[in-house]
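What follows is one structure encoded as structure tokens, with my remarks underneath.
In this document, chain identifiers A, B, C and D correspond to the written order of the chains, with residue numbering beginning at 1 in each.
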């Protein structure tokens, strides 16, 4: 019974942490973008205000059951993936249920949200939504290829499909995967650009051209819930990358509260550093058309992924 | 009377009676067909015990029928799906012409498939195989659409398969003097060291039915043009007969040849294994690429079937414990979800008149149960957790990554299955989402006899997702029958040989908990202020779409993807076969000239043939 | 529990919600008039409206503020009404430029309306032809004050007086083909 | 006048071919006034013989005091870079003009606009009657006898406080020493 209570507490804490961090990262990006553009920009907690505002809208529109379900699917995808991800390296505090899933499972679970969202967008009957969805899904086929290649490279390298094991192996050897297999890391990094949908891969929700694409009919609580799901999901993606390529956070032997806090700080530093890569890349990039984006992913990133696999084999 | 005969007799009688009653009423005829298949299934699953065999002579030849654990897996698909599909077709075939012929052939297909499963000797196997081919041929051309192209193509490829199978059977008889499958296996007929031709010829025969590249070209149109209630069987169960044969042969090749690869330097089974696996993967990729360009839901599903069969071929060809298990699991699950999807397509066709996705849209409000089935089946098809489809996909990937060194194959398979999301979405969106078409304003939900089988199948998909063990059980037993040792499985934990696992119960728990919490939150929050509006009420820059205006985006749906993947669309197997066909035609034109009308020339031909046979004697017949 | 600020009493929940609404304004700019050209400088580096929490929204479903920039032809009035009704409560309208107030230089034109508040409720008028970005921002600040004080309930007024508004709207839009709403 | 040679040539050929009035306005601009029945022949002639392949514009002017509409066809030649203006006048009563969208497809747009804004009929013109205006059931609004202020006052709610909005024509005429013509006084807003 006590076990279960701790598990639930851990799950709730993980969720809250992922949500807060994700939202703040979004705020940081807005602020930094503003500074780059020589503006003052909004406050860093602007995303929280937006979320509160969206949730306090008094009327909401739904076009049908799938529309109503879309944010729920996204939340399911975000939270399930988060629960199956070891947040801290070997730490007893947030293992959640990560021992019961592996990389291939996460890979497929990550799609769950996109597909649910796509169905919701489809139900609205707005042509812009459907166009956005086709672009988004096509682009997904693009970036999943280099991503899966780099994952395969890692799996071959460590003979495991468990994230936990990959983290432990990195800690034992003391070399992060981003150095031990730089090609796989680069391929995954390129895939990450597509995953976060910053420029130049933001054609999915082009505001002026597609009226923000898939989300164009979502407002109020629906948009707010989606925002929450997206924040959690972006934290998940960053932590996944940190786990896979930067040895996760924290030391396996420390389970004390101080050590945990230090580990969390390390995790935040690593994830933020990683997060800045697509953001920086986005600031200086124009926008790709969908087929250009797909070709982009299938060209150099995929080639790097192949080299990564060969590298891991050698 | 023996249960084997009784089952076949019930089915044959059902076929005959429903044919006779077809003139009177299609509903009665369909009910008879359903009852016969259902009672045969009940009989099968209650009366027959695994590993029972009967023998009886046919002239001088000793025939053997029986049921082993391996056949049992396929009997699950054939009889389970057969019963549901026949229940479904009662309403589907209502108000159609020539229903007698339909039900006759329908039950005959089921009969022949049960016969194939029963057959333990090559003679009855081949006879049932041919009955299956012919009765399915009559169903393919049932709609009388493009008979020339579809029917002829199907017949040609089936004939190729049948002749190669027949040749192999004759060679087995010649070499080992037996018609019994078990004897042939004991003697090592599928063993590469003894003879490469027998297994390859058999494989060709099975690959035609399993629609493996390059023998798949008959499939898309044959699947999409037959009546949907038959396509459920055609794609869900009949293609699995090819899988059955392939599994039978391949597993033997790999298990028998595992230790003596070096004997055949020119053509080792590894090459065959890799060739087949790559063929399967390429089938999957190409069929997926074509599927996502289709505007007709039926064609989309047909291509998707080929792609899914491609995965199964990959699994079988890799030939490790996990991969064969994945392949057989996928075979069953594919039967379930593709059966459900073809039922959905049939329901839409019956209710809305067409499955052309550019003409139908927004049926979700009209046909909620059909949509639910489609949704569940599509999630399974896409391999997204937590349904049965994911379990199969997971095992396939894990076996490819952990047990075989074909890492590039994984990428190909993965590419295909990621691209599959595109057509999965297209299917759901095209038929059910988007704005309502004015022409389909009065569409009603399908009748209950169509809904029930669909819902049963969707529940099955969920159950196999949470407790895949209930399918692992028969599969493991079947695999042990065909030569694997120690096939272990867990009720709901999937594991690979590296010791990593996925616990489906935890996945389900997490998803269900989050779903309930999020659903309650989102529904109750601001319940009063939430209003449901029609799909016409959309923000299109303030413009108001009129009643007859349908803004749903349906044409050139995946154009950006097509542009990006343009080089892959350049070649088509169909074109290649057409070129071969025209080449053959000119060849036949030439051969026609051989018939000179001169007796002397004919005599020379006869002598030349005899000489040729003598020369090839050693290769074809061992002893 | 209530909270008092600037002599206005509000329940604390309301206060927090209004605070959030005030600091997060998603603007749908209806830019058919000449005033649309003033929006880019307002939003970008020079005047940076985002520091007030103001950002663009692409569709009425996500928007809080409908910004009508300049004259409205009778044809575009129809779209504006439609867009306004598609927005979710609480929603606000900022009318921008002389043309929305009294027709401006188009006061005698046969196809531009003269007084916008006859057709949809306007929370804040910004006058000028054209108002400069500073004026636009001051308009937004005025709106924020209204929201914070809990007085920006014009959308409710619209629902209550729908008949009066409909009458005026139908005078312009003779062929009324709008969908009926069930709020 | 060497530099106007091309213009003069064109003018002369059209004059001799159709017996119409015309003049060279300035460099690269020739103006021809013709009867409305000649218009399509002149346009075809100019298009085929002188390569005036581009239709710039069709405009309409309301000469209410003459009781006529003036329709100007402005066409342009890419070889000589010359503009040719062909003018014709039609009666305001039951105004009707030949449809020339078989010569230039884009004429359709201009003609539909003229039909809507001036009420000129073009027999055989394809396209719905409602083109730019929506739900318009008054007199065509670009006719000069349509009083926009009155219409605006009647239809739209004039907000009080526009006292400075007076007719400035009188002041302008005073400044320049001209006089408002009799016919125009009728339309003066300060009655």
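The definition used in the following text is that a contact is a pair of C-beta atoms (placed from the backbone, for glycine too) under 8 Å apart; a residue touches a chain by one contact, two chains touch by 3 or more.
Note that the structure is predicted; figures quoted are calculated from it, not measured.
The most distant chain from subunit A, with centres taken as the mean of CA atoms, is D. Of the two chain pairs shown, B-C and A-C, the one joined by more C-beta contacts is A-C. Here the spacing of subunit B and subunit C, counted between their Cα centres, is 59 Å.
Inter-chain centre distance (subunit B to subunit D, centres taken as mean C-alpha positions): 72 Å. Computed from the mean C-alpha positions, the centre of subunit A lies at a distance of 63 Å from the centre of subunit D. Inter-chain centre distance (subunit A to subunit C, centres taken as mean C-alpha positions): 36 Å. With touch defined as above, residues shared between interfaces to two or more other chains in subunit C number as follows: 59, 61, 78, 86, 89, 183.
Subunit D has no residue in contact with two or more other chains. Residue positions 529, 531, 534, 536-537, 539, 541 of subunit B are each in touch with at least two other chains. Of all possible chain pairings, those that touch are A-B, A-C, B-C, C-D.
By the touch criterion given at the top, residues 59-61, 76, 78-80, 82-83, 86, 89, 177-179, 182-183 of subunit C touch subunit B in their complex. Contact residues of subunit B toward subunit A in the complex are 362, 364-365, 368, 375, 379, 382-385, 390, 393-394, 397-398, 401-402, 407-408, 410-411, 414-415, 418-419, 421-422, 424-425, 428-429, 433-435, 496, 498-503, 506-507, 510-511, 514-515, 518-519, 521-523, 525-526, 529-541, 551-553, 557-561, 563-565. Note for the complex: subunit C touches subunit D at residues 74-75, 78, 101-103, 107-115, 118, 168, 171-175. Against subunit B, the residues of subunit A that register as touching in their complex are 55, 57-66, 68-69, 71-72, 75-76, 79-80, 83-84, 97, 100-102, 104-105, 108-109, 111-112, 114-115, 118-119, 122-128, 130-131, 133-135, 137-138, 140-142, 144-145, 148-149, 152, 155-156, 159-162, 165, 211, 216-217, 220-222, 225, 289-292, 294-295, 298, 306, 309, 313. Subunit D contributes residues 133-135, 137-138, 141, 146, 148-149, 151-152, 155-159, 161-162, 165 to its touches with subunit C in the complex.
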